[in-house]
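Chains: A, B, C, D and E, in written order; residue numbering restarts at 1 for each.
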Amino acid sequence: MEQSLEDNVLPQGTPDSFLLGALAHTHLQDCYQCGKCTAGCPVAVRMDLAPNQLIRLLQLDDSETALRSSTIWECVSCQTCSARCPKSVDCAGVMDVLREASLAQHKAAKPQHAVVAFQKAFLDNIRRNGRLAELELIGLYKADVVWNTGRIGVLFKDAGLAPQLNKRKKLHLLPEKAKDRGVVERIFARCSARCSEPEKK
Amino acid sequence: MSEIISQSGLRQLVADRIAAGTIVSGPTQVKPKLVLYAVLGSPDDLLLEGFVRPDNSIKECVFPKQEELYGYRIQGNNIELTDGLTNDDLTNDDAPVPKQLVVAARPCDAAALPILDHIFNWDFKDEFYNRRRAATTVVTLACDSHGENCFCTSVGLHPAAERGSDAMLFELGDGSYEVRCITDKGRALFDGKTEESDKVGRADAGPEKKFDPETVRAFVDQHFEDPFWSQHALTCVGCGVCAFTCPTCHCFDIVDAGPSAGNARYRTWDSCQFPMFTAHASGHNPRAGQPSRQRQRILHKFSIYPNKFGEILCTGCGNCTRNCPEGIGVLTVATEIDHG
Amino acid sequence: MSDDSTRDGTMTENKGFEPKIVAYVCNWCTYLGADLAGTTRLEYPPNVRIIRLPCTGRIDFNLIVKGFEIGADAVLVSGCHPGDCHYTAGNYHARRRWILFRELLDTLGFDLRRIHFTWISAAEGKKWQQVITEMTEQTRQLGPYTDLYANGSAQDSANDLPSGPPTPFEFKTLPAEGALRESCRKLLADGTVKVVIGYGQRGPAILTRAEDAGRLVWNNRCVSNLTTYLKRKEIKALGKPAVVVKPCDEKSLVVLEKESQLDRKNIHVIGMACEGVGEPKCTFCTARTPRFADETLGEAAGPASLADPPPNRFAALMAMAPAERMAFWAKQFDRCVKCYACRQVCPMCYCERCIADKNRPIAIDPAPSAKGNFAWQIARAFHLAARCVGCGECSRACPAGIDLALLNIALHKAAQVNFGYDAGVDPAAEPVVGSYALQDKEDFIG
Amino acid sequence: MNIGYYPGCALHGSSNDYEQSLRACLGLLDVQLQEIKDWICCGATAAHSLNHKLSLALPARNLALAERDGHKQLFAPCPLCSMQLLKVQKAIAGNGARGELAQIVEADLRGDSQVLNLIQVFQNIGLDRLKAAVKIPQKEITAACYYGCLLTRPPDVTHFDDFEQPTSMEAVVAATGAKTVDWNYKTECCGAGMTMANEDTVLDLAHKILSNAAAHGANCIVVACPMCHVNLDMKQEAVNRRYGKKHGKKLGMVVYYLSDLVGLALGISAEQLGIDRHFVTKA
Amino acid sequence: MSKIGVFTCWCGENIARTVDVDEVAKRVAGFPGVVCSLNYKYMCSDPGQAMVREKIASEKLDGIVVASCSPHMHLKTFRKAAQTAGLNPYLVEMANIREQCSWVHHDKPSATAKAIDIIRLSVAKVRNDVPLRPIQVPVTRRALVIGGGVAGIQAALDIADAGHEVVMVEREPSIGGKMAGLSETFPTLDCSQCILTPRMVEVGQHPRIKLYSYSEVEAVDGFVGNFKIKIRQKARYVDVSKCTGCGDCWSVCPLKKNPSEFDYGMGMRPAIYIPFPQAVPARPVIDKKVCAKLIRNGCGLCEKKCKAGAIDFKDEDRVVEESVGCIVVATGYKLYNIAKEQPKASLAGYGEYGYGKYKDVIDSLQFERLISASGPTGGVFKRPSDGAIPKNVVFISCVGSRDNAKGMPYCSKICCMYTAKHTMLYKHKVHDGQAHVFYMDIRAGGKGYDEFVRRAIEQDGARYYRGRVSKITQENGKLIVRGADTLAGTPVEIEADLVVLASAMRPADGVEELAQKLNIGYDEFGFLMESHPKLRPVETNTGGVFIAGACQAPKDIPEAVAQASAAASKVQVMLAADELTREPEIAAINEQTCAACYTCLHTCPYHAIERAEVRTGRGVFIKNTARVNAGLCMGCGTCVSVCPSKSADLQGFSEQQIYAMVESLV
């Protein structure tokens, strides 16, 4: 069922499981909890809710717990779960949708803030430059994490790597930018990428 | 003094009649090498050039190939009569019959109408036929030549026979025609449409006699079981061409068409050459092959009908021989009987 | 169709056009599939009326025409998937028939979008629901089938096919006439044959006496296909016949033998080399000398190259839009008086009692109405599918000059294109009707 | 032959050695890479995680640019970029979203160009031609071919090789004369974009991959993805720091790009291929 | 027929809810020929049928239409009811206003209108019905059983014990089927050889059972009561009459190393072999793909060694014909082949489990052979790769079954039970071994079944994990099984020595071709279609053909045996009478109008039409004609639609009836 691209955030009133399923082009009711996704997931051990438990919660319309779980931010989007699911449920797609919704409703799990911050910084970066400016990304990402979690240590993380990268001519102080950045801005606007607005404190 | 009308005048007359709602029919070129009498859509459809002997006859105007007698519906165990389906039927008595006009018919066609009058009025007044006949006016065009299969002269007619015509036209050679009105209908039709003139049209002398109908009549009366019939009829394939293109053949079949729950009862043409014509329910068929059927056709035309009505049931138009795929027909049989 | 006011609600109240669909289904697969749609409560529109028959093999072409005659706006024919037929091969035979019949209906201008063929198994309740729902919707878009038989005004505007300039023709007697007379005289005299079927002065001549041999002629207007006389009881009663055939007539013998109507051994065939007898078929004919004759007389030069070949009327017909074709045929058939000359002259029509003469039930409406004429011409043409050898007698004999041969050409081409079968050419080839091939095309079957 | 080329941010950023290797190796096989003019970032994990619509719009823009430049084939060396491009083609195949996307990216969009990954480029060149062009067979290399997760998955989008037991990279490596090993982490994930934000995951997964390759007798790993290279090569030292004691010896696994290995076999020097700029340079 | 009774049924409210039955009854009363139109709540009930009988008598009805469910449900019921009231049963028709009207439409007015039209069709048909007499056809009182597994054996023995001759055709060299290869059977754990071998011997020695082993059904002609079966006896290269089964030949045969089909590749067998010691017939077969003599005219040791001179290298396939009255199909099942290439596009293999790549990943029948006392490892449980005794064995359920992505959404029903059995057998053989089972749901619904599974868990310590396995890889001799336990919500990783896959049950190879030969239906997976899942589970839609065992759907031995006996009883019912009454709805040709073109003769799928001559009383030839053999004609009607002159017609579906039906729809 081709989900229209219009509303990419949870409109009010739609039963969560239906919309989440629809957004991820899959039918959550098909899942009979066989656990194959959890079995194959490389990072399942790190998750507070195993992938099959997450889908189970959505089947019971409890998207609240799902949106606040660490699972969705631990997931590395490696598509193993969707590829092997006997019922062709797009579990990886559901993870995408949950991340998007979780961010939109400001329910992202605090301990996973680093991942959220990295991905938000990434989008802001390419919104401005059209292409990724790595140093700028690292700088803004670290500032965001320090600012929001107070983990000062992040500032010095991998500091040692910088000179090695430079020796290998892999650091670019003046990174390339896309020429027509206007169109990139307009694309972002049209996709109403609300999550890229500055975090309101 | 004679009255004449130009060809354009005649076409104008046809146009006026069509405009007035009359169904006008006449010879028309349907396909290369095929001329038939048909209802004229416009006056130019009327074919007047050259000698033309259409392959069918004008009997269709008074005795249509398919005519609805009445409609009916079976409801439960009773039957209701309904007005018919086709709108040109005569089922409801008061409906006026549309006027019909035949233009440039051949005398041998026109002569057939009085014959049909006798048939449809001898023991039972066929009201369907009569009302159509009354509404029909026939304008004949005298023949200025004759085809190879024409034999009107052999059956007591000739290229200018007035029998059955309401008015007769004669070619004047310059594209106009002399009009001789015969009946009131003819006069009413041409009233005020003609001019005085002193030109007088003349007709062809007609083909020389090809056989004597009396010898044919005598032969068929005495040679009912003659091997001539089985020998002659071998090549007849048993189709209905001769009967259906003959101006005088008038046999018909009654048929229920439409779903068995009721639709309409029709009268349609039938031919003595068909096997079903004489098939008995038991499966027996008194006339089981073409020999007996060919004999029956000649017998009816030259003996049975003349015995009853004193005239030959044939106007010599030659359609049966002209259209027969195997070249048989009355002319072939009669000449063979006469010169055999 | 009768506006049957006392019997309202045949369809739903007419809130908008509700198509009427007749479905002929096989009892073992599609009927059970429809039942399954019921047991699993799959809703679909109520426009279909199902007629249960033992097998698609039993669904004959005339039922499809009958469906339209009683006012259906679309007809569905459905049965078991190939290979699953309860009677092993009913659907294979049906499929082959449908391939030919669709070509005939297309030539006549029927709207093929209103005729659906599908395979639905007993396990496919869902597919039944889908087919009926889609068909109802599609037919609703098409609207009522009003231009069936092009009643009303459509007929007047129907244009005719180009017939091209009349081919110059002058009658001449052919040199082989003398040899023909001599040969027939000898055959009758020494009793090899009891009757000779040849051409006479005014038409065919059937002789039993040697001395009549002089009545035989051979010229370039000996048109009739004399093989049609071989089926006649009166002629069979006379004993072993000799028949004069042109190459086109000879093909009829091949078909008649294949259909057990004559035994080639006790017929003496006199083949005449022929350069054409002035009929439309002769302009395209390339078969100059008969192939299976017992004796061949005369010789014929190769086919004259035609300066300007007459227009291909069949191509012109098929170039028309379907509704236009229907109007063309309605105008032609309006002239038909049902004299059945087309049936009686055809060597392939040898039934004791023709389907047109059957009245319990009335399969073909006997009256020469639009409905009756279409039904008759469809039956005649389809019974000749892959059997007619193109001798053209039907067109020639028709007193109303109807282009009957076009229908036979359509089916002749269909048999060639689909089954590589050319009637009357190969005595050993398996007849198309009555046999089937596993890989017959079924792109039109849902 | 020349094909459209979509480098992606990584190849112009910290993984520019991969581009150097590609241009050197493919240049020798007379494959000209024609970079799309003014391409933009495909959004990578961030887009498909945070904004489904954006994750289709950005790659759609690049597809439209490639079509505008007239490229019938588009080579995207990074599997994440090529998967995103293929996902767009699938979304507009039923032209459900074609009109809408075209309007968003301000360019018309047919979606008929063929997206290729590096292995497919070598397959198009032809393995026998490759074998014939080899000057220095890589006899001493025993490679563990590492596909990563997005080269073969999701199968209904990539339609490339067998997503459980792929063998297409082994064929290319064998063509260079090197030996390959059968090991169990060919298609397991390396942690991809989590290098910065969730290093623990990356180190754990990278360790499993490196140690399994070593356990099966491989002396190097061949990859066809810039992110995998970062996680296995740049982070190998960190992996050793965290997991080295457990094994008693440190892992020293050289991580080649597939184009490195082919380049070496064709006689190109390590410097020209940029191999010297890797972190782990000797076993 | 002018006095027709129409009985409209409510079917409780199945019909009455969406069809206004009173309106229907009122309007139907107005149809031509209808004299009595009633409606009743349950027409098929006794009071309903009694009403029909009473009305026939009181109103002297000569035609009945029952407007209710599908003719496939109750046409026979109402025809019997009419018959008892003295009305010819073939003057009864049904109007299907339930499955094809009330159940599929919700708009009451249009459903009612449609119901009236459907009844109008049936009334039009009844008005043109002709009373018919059933045809008596001689019955060959012999039965054919296809398949020599436990179901085939049970059916054959039941029929033979009832006094009828049985022809059994088995494709393998010996009967016994899959059950012969099992070690013990659940839930009683009694050894399958001990309970099956006696029945096999009984079949081998039964005076009325003619066994064709190593043979296949080539063609099936004829019809119920009179089937002609062509059986292809594959070349055995051993003269069964001379051979005494002494075994000298297969012990001397040098080519020992051929994977044994019976052991599913776990053991080896010589080129000349009997599949297993208790084989019936205990006569060897030479494998022509391997035997050196047959391929290169070398060796020939077995011929020299055979004292009875029974070896015959020039043996060829022989085709034999048998005539039988009815057929029982018991072709059994095979396990889903887990490898990558699949016979059907709709199926997919299990790349992630490495079956075929890792030698120690085997399927459940291979496990049965390894654990079986008569198996290739002689009762000692060793794993195929290196013969070591596995200490950690993982059993994986639902491999292929319940897996839409792999093309088999159905459950194979018996895997939960035999997996539990396997854990017990393993525990009994390797006391210090640990069995791990990955399952989704335990389906143990039979008598004593659930207790059996609990015993495996509680007493024999099998460890059950609720979750599927995602991937199996091999690390230095150990199989790493990565599964999950959804109850604990955590992934589970086990280092196993052996993995046993409980793969899905699929119908035996070639069953679709056989079904087409027998004209019986099969579903999308190839399982044979029963006539009605609840009411006629062992019959098919083709008269005289019955099905039993796993060929119809996955099932265990008790059910297979029960179905076999059911099929056998159906056969006995049919063979009880000398003659078989057959439906009279067959074709007939009007010999008066037949033009003898014989197109019908070429078309008839059953060769039921012959050439004949019409002669007068004194034998004078009148004409040729085609004639229907009432015994062979199955009533398909293909001849009727091919006949140009409509001389051929089908009784019960005559032209008159069909045209009346179509025209009633105006």
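The rule is short, and it goes like this: a residue touches a chain if its C-beta (ideal position, glycine included) is under 8 Å from a C-beta of that chain, and two chains touch if they have at least 3 such contacts.
The shown structure was predicted, so the numbers you read here are calculated from the model rather than taken from an experiment.
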TODO: Determine the shortest chain-contact distance, in steps, between chain D and chain E.
DONE: 1
Open item on the list: Shortest hop count from chain A to chain B along touching chains?
Closed with: 2
Task: Pair with more cross-chain C-beta pairs in contact, given B-C and C-E - done: C-E
- [ ] Averaging only over C-alpha atoms, locate the centres of chain A and chain D and give their separation in whole Å.
- [x] 22
Task: Interchain centroid distance [CA atoms averaged], chain A/chain C, Å - done: 70
- [ ] Could you give the separation in Å between the centres of chain C and chain D, each centre being the mean of its C-alpha atoms?
- [x] 66
Task: Residue numbers of chain A (touch at least two other chains) - done: 80
Task: For chain D, residues that touch 2 or more chains besides their own - done: 163
- [ ] Return the residues of chain E touching two or more other chains; collapse runs of consecutive numbers into ranges.
- [x] 352, 471, 592, 660, 663, 666
Task: Inter-chain touch pairs (all) - done: A-D, A-E, B-C, B-E, C-E, D-E
- [ ] Using the touch rule from the top, collect the residues of chain B that touch chain C in their complex.
- [x] 30-34, 36, 38, 41, 55-56, 65-66, 71, 73, 75, 85, 230-231, 233-235, 237-241, 243-245, 253, 255-260, 262-263, 266, 268-269, 271, 274-276, 289-291, 321, 323-328, 332
TODO: Quick one: which bits of chain D touch chain A in the complex? Just the residue numbers, please.
DONE: 9-10, 12-17, 38-41, 43-58, 61, 94, 96-97, 100-101, 104-106, 149-150, 153-155, 163, 187-189, 191-194, 196-201, 205, 234, 277-279
TODO: Flag every residue of chain C that touches chain B in the complex, lowest number first.
DONE: 2, 4, 6, 70, 156, 160, 163, 166, 200, 202-206, 208, 224, 228-229, 232-235, 335, 337-341, 343-345, 353, 357, 361-362, 365-369, 371-372, 393, 396-397, 399-401
TODO: Within their complex, state which residues of chain D touch chain E.
DONE: 162-165, 184, 212, 215
TODO: Could you pull out which chain E residues touch chain C in their complex?
DONE: 70-72, 96, 98-101, 103-107, 109-114, 116-118, 121, 516, 519, 521, 523-524, 529, 541-542, 585, 592-600, 602-603, 605-606, 611, 624, 634-638, 640-642, 644-647, 650, 653, 655-656, 658-663, 665-666
